[in-house]
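Below are two complexes that have chain A in common, paired first with chain B and then with chain C.
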Partner chain A sequence: MSVFTLEASLALLGLVLLLLEAFKPEISRRTLGYTAMAGTALALVLLPLCGTQLPEFMQPWHQIDTLALFYKGFALVITLLVLWLTLECAPYLTRFTLDGKLAEMFSLPLIVCAGMMWMASARDLVTIFITLELVTISFYVLVAFARKSALSLEAGVKYLILGALSTGVLVYGIAWIYGATGSMNFDAIGKALANPATSKSAALFGAAMLLVGLGFKVAAAPFHMWVPDVYQGAPTPVTTFLSVGSKAAGFVVLTRALDAFAAPGSIIGSEVQSLLLVGGSLTVLLGSLPAIFQTSVKRLLAYSSISHAGYLLLALACGSGGRFDIGSNGIVAFYLATYLPMTVLGFLALGLMRVNGQGEDLGDFQGLAKRSPLLALVITIAFASLAGLPLTAGFIGKMFVFLSLVDHGYWGALTCAVIAAAAGFYYYFRIILAMYTTEGSEKPALTLTPLTKAIACGLALVILALGVYPRPLQKVLTPPAAAVVVK
Partner chain B sequence: MSVLEIVILLPILAALAVLFGAPARAASVGATLANLVIVLALSWQYAAKGSTGLAFTQAREVLANPAISFSVGADGVSLILALLTAIVMFAAVWQIQDRPAIFYVASLLIGGGALGAFLTTDVFFIYAFHELALIPTFLMIALHGHAEPIERKKVAWKATVYLGVGSLVLLAGLVWLVVEFSGGRDLTFDLEALRAQAKLTPLPVEKQGVIFFVLLLGFGTLVSLFPFHSWAAPAYATAPTPVAMLHAGVLKKFGLYGLLRIALPLLPQGANVPWVQNALLLMLLGNILVMGLVTIRASRLDDTLANSSVMHMGYIFLALAAGSEIALKGAVLLMFAHGVSIALLFALSGKMRNQLGTLEYSKLGGLASHAPAFTVLFAFGAFASIGLPGLSNFAGEAMVFAGSFTTFSGTLTNLHWTVILALWGVVMSAVYMLRAYRHIFHGSATTGLFMSDPALPQRLPLILMAATLLLTGCCPWLLLNLLKGALAAS
Partner chain C sequence: MITLGHYLVVSGMLFALGLAGVIARRNILIIYMCLEMMLSAANLALVGFSRFHLVNGLPDYTAQSLVFFTITVAAAEVAVGLAIIVALFRTKQSVETEAITKLQG
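On to the complex of A and B.
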């Protein structure tokens, strides 16, 4: 069995669940949710068992290398967590849906997941465009899912308009690149760009448009304005999915595209890298500095998500040929792997607060340590990691990024990143401090199911394990010395 | 598994156990007592064998390229500081009374972090463990400090900003060192590898000076080097007692330890570059003279102690500026002595605050007649702090001053002038400490303020610290034996 059958089966399962809900309305949401989770979990188990062979006809547009496998696993893990989070938040979410049901909340994530997995293997622009749209259009529905909530509707409209706009820009960029290089395939584009006869301005314009379009998707400045509103309005599980899944998807595409655009010898390599450097520097600052003033924790996490996108862009900007075997693609993957557990834990906390009838503001976190000591502890670990405290996963990710910047001598970008990280310490620790104050401890305790506790503790342990012993993950992500990409 | 790993993990695991509902006092006291016994045994073994260099080493690879490993190892300097940590941590945990479990957790984490910083030999973990210890410090000041909530949050944020920025500067300096000394393509954070490379290919002197200065600013801020000291006094005066004991007594020594263990061996000429040395001399004079005068002006005991603790750091910086073997060994002794004496004094002032509700000199007086045992213990701390012969600090200060004046050849250099001026610090110490002693314990008792001696079990950690001061004061060779071969001028 090959990996793409997994992807097709997941999408199929999504469709089946959708139909099932439509024709058998009495089916309970637990059945739907657990079926979707079981399917995803099964796929996750089968993933390492699948061979990497591909039929001949697929090889021009599909590849299965270390990075692709990693991102496929990543997509499955985050989908599984989001499905579980949806079940966890269901009592609250159903109040805002028209019929009190959540069917599409369980089927669409499967389709998104299939899209993200397929995207990880893409080796031409058409595949990338199709999978990206599969993911984005599903997200339009998910973001606006809480239809009785004005915030969710507003978020849906904003996301739809800006998403459509960015898609347009993306297609425009693809067209220019095709015009300049005569191909949609990354290998062919890379070859054409190494040829000095290729029109530099056309290729550069196309690449820049492509970066703008993808910049929207990964929330890079100056195309990040939609993020706080959409993240705040969307149902919390969807926000989690957007913040982790959609971002990872965007970075897979960027990684693949940059392998072609910024390969050594490319005529537009240095310009593309400068664009990324400037964009990354702007993004870390425009994410971190406004976050200082947020009082809604959900908005704060949105800004934090922007700033993390900035660090990722800076890692990508370092390109190939650095001092580290893991390479900048590996660093991006590593950073995303550390980003997953801490972000999910942050949003899990918000979801649990809502389910227990409390708000999402800083004030609502006051005294949490007294009310729910375990939850407060795992959130502390998550926020400490988001801030980049040593001995947590977040520090190792940031360390890789910063050391790469030092290695390449990008001092300006490094300064921006350091300022952003310093600001990060302030706003994350404000939440931690609030949790441990004695004020607010009279509010009711949160009720957590044993499963919730287990998953939260598990994620916190992953954060600590990656922070103290990151070597195994580094081994997985380090490409084999000779063959960088499996051809 | 190296025994040092156990020493580091024991308090951290105990802290986790308490968080998850283990009996707080029993777990904390048990873990810290076990730690104290182990560290004492290790030190005895190290001295008895006449060892030099690193002992009890072990390394576990954590990351390759950049090479980072969880490697532990101790030489005399780290053992003395680990001993200091174990003593103060045990005393700090023991003296906690009727407080929520978080007091125990924070004390264990600060102590465990400090032990980790002193006993690991990988720059990554040295830095990481120090950060681990800082976090509970801030949280405890902000949440349980002795001030109005708004006021104590201000104090905590001020300390956070200073120490956070200091840590960032430090990180920059450390990364610079790592990049310079890694040799070859792969970065390594292993201190021993970096030292070997620094011996092999030393940097140009001027560059050594620049990196040394960056490290001095980073580490210096953590040790409250003048003029980056203003976070320290309010933080110590506000911090809950065990946190003040552990931070002023132990954690602050991390910056000095870092300069001794990382900056001096890797950049042996760095402190001798004239502009660096002159800047350091000026700053340390600021610590001794300016802070000495500030301390004399203090009107409350906690202010006096907090400021004096900033001031006394100046002597240790003096030893670093001089760089002679005797001065550096004296500095290590003084770090130990200051740690124990300031922890003892903070423990006592905490007890006074609990019983009397105030520490203002104008309201206190005549306590000696109510609480004779308490008075004697305070006298130990205060006289040690002044530098009375027979108590620990004297040996350290004497070695620092003598060791800093060794290269006299007829003309007085800036270093010599600094020593001459710094000596006045001893006088100032005597002025403010004796004044505090007289105000609090002598004279006529103020009506309504009554204080009794602590019960016998509560005296135990105080007696332990006082006895340590006396023992190492009368027999400084007990500690100096650990330093054979260490810190020799390179």
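On to the complex of A and C.
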């Protein structure tokens, strides 16, 4: 059995759950949720056991390399966590859905997951376009899912308009890249771009449009304005999925596209790299600085998500070379792997606050350490890691990015990144300090189930483990020597 | 004689019109129509490039296959998008962008 059967089975399971919900309304949401989770968990277990061979006809547009396998695993893990978070937030979410049902909240993430896994293997622009749209259109539904909440609908419409706009720009970019290089396949595009006879202006125009389209998807400045509104309005599990899953998906595509555009000898390589540097520097600043003034923690996490996208873009801009053997693609994958547990924990806290009848503002976090010491400790670890405190996973990820920038001598971008990181320390630690004040400790305590406690502690342990001993993950992501030679 | 340049100019104009509409118009339905126009512009460019990129004397059909995918995806997007816009109209009795300004800060 090859890996791509997993993706097909997941999408099929999603459809089966959807039909079950429609024709057997007596099935409880717990059964549906646990079935979806069991399917995802099974796929995660099977992933390393499956073969990586492909039939002949698939090879031009599908590949299963280390990076693809890593992102497939990443997609499965985040889907599993989102499904669990949905069950966790169900008592609150069902207030805003029609007749208290949550069916699509369990089937659509599976379809999104299948799309993200397929995308990780994409080898040509057509596959990229289809899978990106599969993910985006499913997200339109998910964001607007809490239909009785005006905010969720508003977020849905905003995401719809900007998502569709980015799709238009993306396809137009693909058309021009095809026009300039005469191919949709990344390998062939890379070869054509190494040929000086290829029209440079057409290729650059196409690549720039493609970057703009993807910039919308990964929330890069100046195309990030939709992010705070959509993240705030969407149901919390969906926000988590958007913040981690959709961002990772965008970066897989960027990684693959840049391997073709910015390969050594490419005629548009240096221009694409400067676009990324400028975009990345703007993104870290425009994400971090407005976050200082936020009082809504959900909105603050949205801005934080923007600034993390900026660090990732800067890592990509560094390209090959530098002191790290994992390369820029490996750094991006590593950074995303550290970003997953800390973001999920941050949004888990928000979800639990809502379920317990409290708000999402900074004031609601006051005195949390007295009310729920364990949750407060776990959130402290997550926010310290988001800020980049040493001994947490976030520090290692940021260190990779900063040192790569030093190695390549991108001092301007480094300055922006350092300013953003300093601002980050301020706004993340503001939340941590609020939790440990004595005010607000008279509010009711949060109730956590044993499973919630176990998963939250597990995620916090992952953060600490990666922060202290990142070597195993680094080893997984290091490309084999042969692959480096081919590049 | 109609050349590739003619197709690209028309496609560029369609794209620019669509983008201008998205930025300037206030009615979400009209914005949605303009977005579809941008997709059509991309499709026209794809077909044009495909027709004039000859492989062994025949047009290269890779790009035209993407056009079919784009049309299908656009149909799915419209189905989902109109559903969301209808839901918005039911709650707010309006499809103007002024109706969606609650999320700010």
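One rule holds for everything that comes next: the second predicted complex is superposed on the first by the 483 of 487 C-alpha atoms of A that agree within 3 Å, B and C clash if a C-alpha of one lies under 4 Å from a C-alpha of the other, contacts with A are read in each partner's own complex, and residues count from 1 in each chain.
We take it that contacts are C-beta pairs under 8 Å (C-beta built on N, C-alpha and C of every residue); 3 or more make two chains touch, one makes a residue touch a chain.
Just so it is clear, the model here is predicted, and its values are computed rather than measured.
Colleague: Considering only touches as defined above, state whether A:141 meets chain B (first), chain C (second), both or neither.
Modeller: In the superposition, A:141 contacts chain C only.
Colleague: By the touch definition at the top of the document, which applies to A:406: first (chain B), second (chain C), both, or neither?
Modeller: The first partner, chain B, only.
Colleague: Quick one: classify A:34 as touching chain B (first), chain C (second), both or neither.
Modeller: After superposing on A, A:34 lies clear of both chain B and chain C.
Colleague: Looking at A:437, would you say it contacts chain B, chain C, both, or neither? Reply first, second, both or neither.
Modeller: first
Colleague: Considering only the touch criterion stated at the top, classify A:373 as touching first (chain B), second (chain C), both, or neither.
Modeller: first
Colleague: If we overlay the two complexes on their shared chain A, which of chain B and chain C does A:179 touch? Say first, second, both or neither.
Modeller: In the superposition, A:179 touches chain C alone.
Colleague: In the overlay, answer first, second, both or neither for which of chain B and chain C A:471 touches.
Modeller: Touch partner of A:471: chain B, not chain C.
Colleague: Going by the contact rule set out at the top, does A:150 touch chain B (first), chain C (second), both, or neither?
Modeller: In the superposition, A:150 touches chain C alone.
Colleague: Quick one: is A:229 in contact with chain B, with chain C, with both, or with neither? Answer first, second, both or neither.
Modeller: Second partner only, chain C.
Colleague: Name the chain, either chain B or chain C, that contacts more residues of chain A.
Modeller: C
Colleague: Find the residues of chain A that appear in the contact set with chain B and again in the contact set with chain C.
Modeller: none
Colleague: Spell out the residues on chain A that touch chain C in their complex, using ranges where they run on.
Modeller: Residues of chain A touching chain C: 125-126, 129-130, 133, 137, 140-141, 144, 147, 150-151, 153-158, 160-161, 164-165, 167-169, 171-172, 174-176, 178-179, 182-184, 228-229, 232-233, 294-296, 299.
Colleague: Under the definition above, what is the set of chain C residues touching chain A in their complex?
Modeller: Going by the criterion above, the answer is residues 8, 11, 15, 18, 22, 28, 31-32, 35, 38-39, 41-43, 45-46, 48-50, 53, 60, 62-63, 65-66, 69-70, 73, 76-77, 80-81, 84-85, 87-88, 91-92, 100, 102-105.
Colleague: Which residues of chain A touch chain B once you look at their complex with the stated criterion?
Modeller: Counting only chain A, the residues touching chain B are 323-326, 373, 377, 384, 389-391, 395-396, 399, 402-403, 406-407, 418, 422, 425, 429, 432-433, 436-438, 468-471, 474.
Colleague: Write out the stretch or stretches of chain B touching chain A in their complex.
Modeller: 19, 61-66, 70, 102, 124, 127-129, 131-132, 135, 138-139, 142-143, 149, 153, 160, 164-165, 168, 172, 175, 179, 185-187
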